[in-house]
Amino acid sequence: MKKLINHPDNVIKEQLEGMQAAHADLIKVNFEPYYITRAGGPVKGKVALISGGGSGHEPMHGGFVGHGMLHAACPGEVFTSPTPDQMHEAAKAANGGAGVLNIVKNYTGDVMNFEMAAELAIAEGIQVQNIVIDDDVAVKDSLYTAGRRGVGATVLIEKICGAASEEGYDLKAVSELCRTLNQNARSMGMALTSCITPANGSPSFEIGDDEMEIGIGIHGEPGIQREKIKSVDEITEMMTVGILEDGAYSRKLKEWDHDKGEWVEVEYVDQPFKKGDNVIAFVNSMGGTPVSELYGVYRKMAQVTDKFGIKIVRNLIGPYITSLEMQGCSITLMKVDDKMVKLWDAPVYTPGLKWGM
Amino acid sequence: MKKLINHPDNVIKEQLEGMQAAHADLIKVNFEPYYITRAGGPVKGKVALISGGGSGHEPMHGGFVGHGMLHAACPGEVFTSPTPDQMHEAAKAANGGAGVLNIVKNYTGDVMNFEMAAELAIAEGIQVQNIVIDDDVAVKDSLYTAGRRGVGATVLIEKICGAASEEGYDLKAVSELCRTLNQNARSMGMALTSCITPANGSPSFEIGDDEMEIGIGIHGEPGIQREKIKSVDEITEMMTVGILEDGAYSRKLKEWDHDKGEWVEVEYVDQPFKKGDNVIAFVNSMGGTPVSELYGVYRKMAQVTDKFGIKIVRNLIGPYITSLEMQGCSITLMKVDDKMVKLWDAPVYTPGLKWGM
Amino acid sequence: MLTKEQVITWLTLCHEVLEENKTWLTQLDTAIGDADHGNNMNRGFKKVYAQLDAIKDKDIGAIFKATAMTLISTVGGASGPLYGTFFLQAGNKLAGKEELTDNDVAIMLRAGLDGVVMRGKAQAGDKTMVDVLIPVTESVEQDINAGTPLAEALAKAVEVAEQGVKDTIPLVAKKGRASYLGERSRGHQDPGATSSRLIIEALFNASR
Amino acid sequence: MLTKEQVITWLTLCHEVLEENKTWLTQLDTAIGDADHGNNMNRGFKKVYAQLDAIKDKDIGAIFKATAMTLISTVGGASGPLYGTFFLQAGNKLAGKEELTDNDVAIMLRAGLDGVVMRGKAQAGDKTMVDVLIPVTESVEQDINAGTPLAEALAKAVEVAEQGVKDTIPLVAKKGRASYLGERSRGHQDPGATSSRLIIEALFNASR
């Protein structure tokens, strides 16, 4: 196993220790249970944004804790959702009195654990909302699956909602923004190689030297389809067109109804992209693909969006939501209006994303 | 070959096209010959900082062009020094009237090509200095080698000298700062895997599943020594101690004597680190190692520096000077005074490094 | 009847079999999931086992609830909340009990199953743990109603569980991570169904 | 004597042999360098070849200088400035010539070698291209001084070059990238010495 680690059992603890040592000015790591908050403590009067998920996706989410982005993050074991107690402790530590928004990626485990955590917090009188992110167009039918996975859009949404919280949006307003952004965003990913979780020590899937996986998630799992490796232009065109031509997507998502005091299922229908849309384009490395190759992807992607009459107004390129050392990439496009662009441009100062201050 | 590319012959051109499309607000890519300048044109009255080297080390150097860092970068073929004509064109395009500082990594090819470029510029009346960066302690004896390689320190030096240029340091002052920083910095690198250049399509070296290379450079070449893979603690301790216990290092470096109007060889002796030193610590991924593992390295490195009485006052962690998709890491420690820390903290706004604005 | 000691034995055996089968369960999850199910279950029941001594004098409902909380806070993923809810609901139904009648065991399974379905919304044939838990619960309920001795009913439940596991193989997953694979999930045995089978087998062994 | 046509043939042959041996040279550079020497040389002489038609009517000094500029601006790495300087210095010495006497060929080699040494500061035994260029230059100078016909002198130079290449194998590199490897560079043939041998062989073939 080619990894810079000590014993597999200690990987998460030690990497969090390293993170704490490196970024003591920005974050505070709690070890029992694991959660990461801003170094300065809860932000009074601002909605606390919390996210979490399995480890192995660094810098997401711990690397996004800091001014203008998250207030807390809960790292699970590698590729395993964190647990409600972690999330609950994080909520208590991060809550500045204006309530908590849990940004949850749509995986059965993450959704269930965050639901239980929300129930715990609500029982203690903390205002909570859970918004589920499900942007992965590779998963086609929500009726016969656990629904679309939450992938790249999560990063963009955490940034923009983080700025909204800094601006003083209340829980309802940040939740609404978060929901809209999720409906505006679509992603697709692919892998050239598998990855190895420290606990297992061997690749999550075997893949030939001339093969790739299309439609992967972020957990080292195989994708929707295996194909012969193609040129970056062909791969990028296929993914970008897949995103841009994806039709209306309807599914029910669970949210907390503050008036009724219970979970309700709300049907959301995402509208397809259309000519004239402004988008933020995010080309992401799965961890092992260097930024140089991402520029090759960006080049073709921009050509395709251009042909569709879609305008890229901002972009993000790099390893931000990863699967350990997996080689591959994902593309996320998110429709934005001027207000969202302004929130995107707002200062952010976290270990993983920095600008404007 | 597991790469997101089209035909190997077009890799650099296409990736630069992607980079231009992505960062048109920051940089301008010239294609014949290849060089990258700031989008806004030359900065009047400020020393133009230029660097360059083979491609394959992204984001270095092109990703460091922008406010507070480089004024131009010259990308060569993958792992091959760029040529004097590129550098010369870049110098003419970036010169804002206050002269040009070429930051040159110490490789025979880079040094010779930048020398020829400097001669061309000087012949045209441009004020030029070349400062050679040679921070890699894995190369022991300068008498029997081409001298220490220029590695991680380059990134830190480009940042700090870039800030100095923004502050209005003249060519002599930036050169002096650059020289001092180089003398203050030491690095060491290791690889878990090899990498594949697009032109070759096969790994630069074969390496067993349980082996690693110690003392590598940044060109996919084998290192000083091959060993059985060890724990991250052992590897990090070995590298950090190697850096901290490295003795005084003496060698002659060529610089342009503006008074005599010729190249002169100047002897420089780098002093070893000592208790009480303040340092910037840089833990770098060779491209394929995810940031999570870098935190594991940082953790142990900070323990070792602590034991030596060395204080880390700033850090940089991530893939900044890479060897394509190689897995591995390097550590750079650079002694800094308050003035240097202030320059480090100064705003930087480039595709690859952003803060403070 | 199941004494409190046997309940403790059950949880102890769960720890043992999940430790033994950790790699296998993870392998199953590698094929159609994210390669962590064995590690998740083992982490959870290792902790349950470590705490048994401290809770073994509580009533059985409380033991199950403590087990539930431990699973919920250590397993994570999908299986953490699901198995956690299984024991939570079972514990709720059996609050105060110092031993379980045969019928209590049937009640426990039904309450646990209902909890899993409430949490996860899986139906029979979705290729999940409920493809074991449903037939097992129904079989035990029928046998206990018909007066079959518990150990015998559970011996049959193990066979039913094994069949339930086998039946997941040709299914296309509709819940959990495996559902993303669509047709590619066919031909693989569901890891969660497999761990449920191990837990039922442990229950049988504890009841003998 | 070497006519201008033969000079053009030489450069054409350089292009051909470097194209043919591209992979091999890169392999040699993979062992002790950074796996680009074949690609570098091929890129350079491909461009030299492509421009030959445009410069073939200039004098030989100018042809060499144009060749030098092309190599300098397309090869990069260590070999670009070195071979570039070789042709630049040779071109300087032979300015205005429309053909080369046997002695001019010796002068050309000496000037080229001096240029390479001036640029790269390598000494004999450092495991570089000068381990071919030094013995070749000395051998040709001696033979020409002794009145040996050019083709014969160059035929011998090819043997000397081949020997020079072989002699690099046991050496520990002291210049260029291979020097970082220290003892690990021993046992490998130097790529730059090898390309120099190919260029000398091309010169011999052009002279026949």
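To keep things simple, chains are lettered A, B, C and D as they appear, and every chain counts its residues starting from 1.
The rule is short, and it goes like this: a contact is a pair of C-beta atoms (placed from the backbone, for glycine too) under 8 Å apart; a residue touches a chain by one contact, two chains touch by 3 or more.
Note that the coordinates shown come from a computational prediction; the quantities given were computed from them, not determined experimentally.
Each chain gets a centre from the mean of its Cα atoms; for chain B and chain C, those two points are 56 Å apart. Note on chain placement: the centre of chain A and the centre of chain C lie 31 Å apart, centres being C-alpha means.
If you draw each protein chain as a dot and join the dots that touch, you get a simple line with two loose ends. Here, these are the chain pairs in contact: A-B, A-C, B-D. Listed in rising order, the residues of chain D touching chain B in the complex are 26, 30, 33-36, 39-40, 43, 72-82, 119-120, 172, 174-177, 179-182, 184. Listed in rising order, the residues of chain A touching chain B in the complex are 2-7, 11, 14-19, 21-22, 55-56, 58-59, 63, 192-193, 209, 229, 231-233, 235-236, 287-300, 302, 315, 317, 319, 322, 324-325, 327, 329, 349, 351-352, 354-357. Those residues of chain A that touch chain C in the complex are listed here as 33, 54, 76-86, 107-109, 112-113, 115-116, 138-139, 144-146, 149, 197, 199-200, 204-205, 217, 219-222, 224.
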